[in-house]
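These notes open a run of structures that come right after.
Shared chain: chain A. Partners: chain B in the first complex, chain C in the second.
Now for the complex of A and B:
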């Protein structure tokens, strides 16, 4: 049979494909129906949090930080309750990471405060003297891309039925209204909790720096 | 049937991919050395402002070495050996020749856009699949073109039986195509939101645990189908050619090939041990990883035994050195991986530096060594000149071998140390170390690793110089060498 296959490339290729696709069909498909359900009470990310998640992605925090607490006592002691599948139901993409050069962040919102984050992101050594993490000062001046985050919320609502309310709707006008009524007040609260006047001033002018969105996202991780 | 002598193979596309392999190899590993040094000396994070942090550069390093250096090496080898084992020249079809040029051109476009977008932080943030959807579209197009060329050449072939290397190239094409398509399924947000936001932004089709499953099904098998399958294709061609020995066992190559194809895909689950994916899947990942030792060692042993009775060549020919050591590192790496997949070991190893350590004994020792050997074997035949310097090649071999050993031993120690410190408790059951304690302790190992990386990079520079001088100043060859590559 093998000799025959080696003379018939078409059937050879079909054979290879069947053999390699087989595992995916058995391993991946059954999980899709089963594991996509959110845990009780889980709310979708607000647009500000989504914008923060984009900052998290842009500066590639997963290079050094995981968001997956494994079911060991040493991990639950350090980081809190081990992670549940349903907690990730709205994570597109998932941000588990694969390397902990820094600590896990899945429940960082439980034990760090916005002003701690502000100090830490401005100069990590000011709060953790031996830290090898770089400072992310540019996040204090770069503005978060709120419109794209809003577009993402609209998209997941439409395509994946993520349970957002009426305030998430397509179009520029809907975005502007959401920004003024919901997003900016939420950002202002975070900026004030970060205890930095420059950030508060920027948000009051309608501009949301990346760091404010990022901290909103980190605060949400509980 | 035509004989070798009358068939003029077309090497123009081979030469182009040889040069990109050399350039991307240097650039990718330079970034690698920089980010390794950043972990030991954090001040190096500030060389390029916001674009120079470890986190921003790390995906650039992986993408440039995986998709720049390695893929270039694979394609150079495919276009070289593919023509020869199929007994067909690209020159015989104007259409296919034009497609090879398009293939290279699109590849450069992707490379340029990839570097720019990753520096700017435009990323889908899935490891080894960071590129956003517009780039994914060009990648798929390029892959289809590569497929048309490969199956076109197969269609025109004179040698009816496909050589072992071709089996692996076909699997390379199909495997990457399937995995890439499924893992990069994403929804562009601009089209669904009434034209809001950035046009290149997208959101993954899968969420949470499902996304993780698809990602590591890809992530692991990108290793399978980029770092293993085509590299085996290369060694099955270049080792017998360079040594003048016949492949040791046809049956062993059959067993290894079909075994590898069947087993590899299952092993993806070992990246998700102790995560929130179902338990049975984690167990399957562990079990199949261990089974994977069989086909992996099958290929490696087949290659080592090919040298049977001719081991003297190991002392005489640096290219044989590179390939034999590559097979050996392949065996080391494919034994280490399964060990890390075992649940109890994984509990310590996962999230630590042992993982990059494992990756690098595979890629530096196996993949890159094989690429170097392949490029150097091709150089005298493609440029029709003698290899510029044997002693430089010897020196490169030893420097890089020391470099790899420094790299993986330091990362083994670092990984296991940190893994043990994370879980250490005192007599009352309280954690002994704060997280930062487990970071500070790694400093010497990070420094050794960066030094190892620097040595390896020096080796790459020697290689680049050697191949450049071979192409421009090597002694001209009247006749194509049959087996051992001539070197001055």
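Now for the complex of A and C:
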């Protein structure tokens, strides 16, 4: 039937193009629909939260925890509303994960408090007796890398138009100002809510331990 | 019988003997049907593998090709014009028709929706849940209500329902004196009861204090004189004239349903609406539990 097509490379190529282009259009077009845009009211991560996200990546939380609630009743009963693609708009990269040795964390901010996290990261068995999670005591002394997190915010603002305000601007001076005016008060609030004097003292001295950044990030997940 | 077939039978025989040796060596119990079937299968594979190979090798040696050659040939290699098998042709045409349907209609217009399936899953579960607990006894309802309360209500009202020292309504009693005074002062038409809006300042000053103390105290003893003003709508016993006005004496199903669906804005603060958060059975269970908080049961 298509004998003539086999003898005409040009028309054969046109046929192949038409078939692949059609499939491409119906696969790609839905991604421009409203439901694939950032969800309403979604704010970009603050620098402190970004620093916490770096800690999350560095200490490889993703190896045991996912951040994607699938639309099954068994999951929404336990973790809350199923995840929407628009919620990950400012996640670069997203940390969906594919392994649940521990629970999903996509909405952990809804049902845990900084105080709980402080006890849990210091000694998981103190709050969850059957837990097999290791303790992360080093996060209470190591300092979070705020410069890198700030640079990341500046970069995504410039490259991807992430809607940060004027406070995120290039340069050392802008960073110092942001740190003093916005970042440290935010960290102090978290540290106080964690109810540990050593953390509060560190933040008051202008040093942000990794755990404070991480908890700020976890609190943001809701 | 020619040489090829003999060779094949010998090879198959060798394999069968090898199988027997293995069975003997490993002491395999052939009375077990699974072992017996496996054993017979091994013999069948040996016979078939060599038998079929021998048949086709024989055919390649002796067959000569006949028929009409097709026009095309590739560097001197031609092919015969063979009839296409009918089943093959029809399935090819069928696939083409299906492909056109799937291209233009089947995929783009009937895309599978995971959320749709989720919604149906939840709906089916809720229907099953409603059916199972349609005639649940008091004990089941109370336990169910308690577990719902601990998850959905306790964050503001506290584990014991005491309202966490004024953070939310203290559910262990109907109303506090301050709350009654708040309603008297501001009036209320929050829940749209049939009796209509309650105007502000119907009773004032010392009368209001007395009424508030009487209502907050659970309506024990003699009613103050000003109570007659209230009784006009709320009933002499304060139970709300059978749903015409809010029940001031105790929490009842109507009141709890109203608060859950509309939320509440009062002197303490604002409670969000929980509409569509509970199935009818869950709401009934919750009401059952909340009523026990204040009745001391």
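The criterion applied here is as follows: the second predicted complex is superposed on the first by the 186 of 222 C-alpha atoms of A that agree within 3 Å, B and C clash if a C-alpha of one lies under 4 Å from a C-alpha of the other, contacts with A are read in each partner's own complex, and residues count from 1 in each chain.
Everything below uses one rule, namely that a contact is a pair of C-beta atoms (placed from the backbone, for glycine too) under 8 Å apart; a residue touches a chain by one contact, two chains touch by 3 or more.
Just so we're clear, the structure is a prediction, and the values are computed from it rather than from any experiment.
Peer 1: Would you sort A:147 into first (chain B), second (chain C), both or neither based on which partner it touches?
Peer 2: Touch partner of A:147: chain B, not chain C.
Peer 1: If you stack the two complexes on chain A, which partner ends up touching A:205: first (chain B), second (chain C), both, or neither?
Peer 2: After superposing on A, A:205 lies clear of both chain B and chain C.
Peer 1: In the overlay, work out which of chain B or chain C sits against more residues of chain A.
Peer 2: B
Peer 1: Considering only touches as defined above, state whether A:58 meets chain B (first), chain C (second), both or neither.
Peer 2: A:58 contacts chain B only, not chain C.
Peer 1: Looking at the overlay, does A:72 come into contact with chain B only (first), chain C only (second), both, or neither?
Peer 2: Both: A:72 reaches chain B and chain C.
Peer 1: Quick one: is A:22 in contact with chain B, with chain C, with both, or with neither? Answer first, second, both or neither.
Peer 2: Both: A:22 reaches chain B and chain C.
Peer 1: Considering only the touch criterion stated at the top, classify A:161 as touching first (chain B), second (chain C), both, or neither.
Peer 2: Touch partners of A:161: none, neither chain B nor chain C.
Peer 1: By the touch definition above, which chain A residues appear in both interfaces, chain B in one complex and chain C in the other?
Peer 2: Shared contact residues on chain A: 22, 71-73.
Peer 1: Which residues of chain A touch chain B once you look at their complex with the stated criterion?
Peer 2: Touching chain B from chain A are residues 2-3, 6-7, 9, 12-13, 16-17, 19-24, 27-28, 31-32, 34-36, 57-64, 66, 68, 70-75, 77-78, 83-85, 87-103, 128, 130-136, 138, 142, 145, 147-152, 154-156, 158-160, 170-172, 174-175.
Peer 1: Using the touch rule from the top, collect the residues of chain C that touch chain A in their complex.
Peer 2: Of all residues in chain C, those touching chain A are 103, 107-108, 111, 114-115, 117-118, 121-122, 125.
Peer 1: Within the complex, which stretch of chain A touches chain C?
Peer 2: Going by the criterion above, the answer is residues 22, 26, 30, 71-73, 76, 82.
Peer 1: Flag every residue of chain B that touches chain A in the complex, lowest number first.
Peer 2: My answer: residues 38-39, 42, 45-46, 49-50, 53-56, 58-59, 121-127, 151, 154, 160-162, 167, 170-171, 174-175, 178, 182, 187, 189-190, 192-198, 201, 203-215, 217, 254, 258, 261-262, 264-266, 268-269, 271, 274-278, 281, 284, 347, 350-353, 355-356, 422-425, 429-431, 435-436, 439-440.
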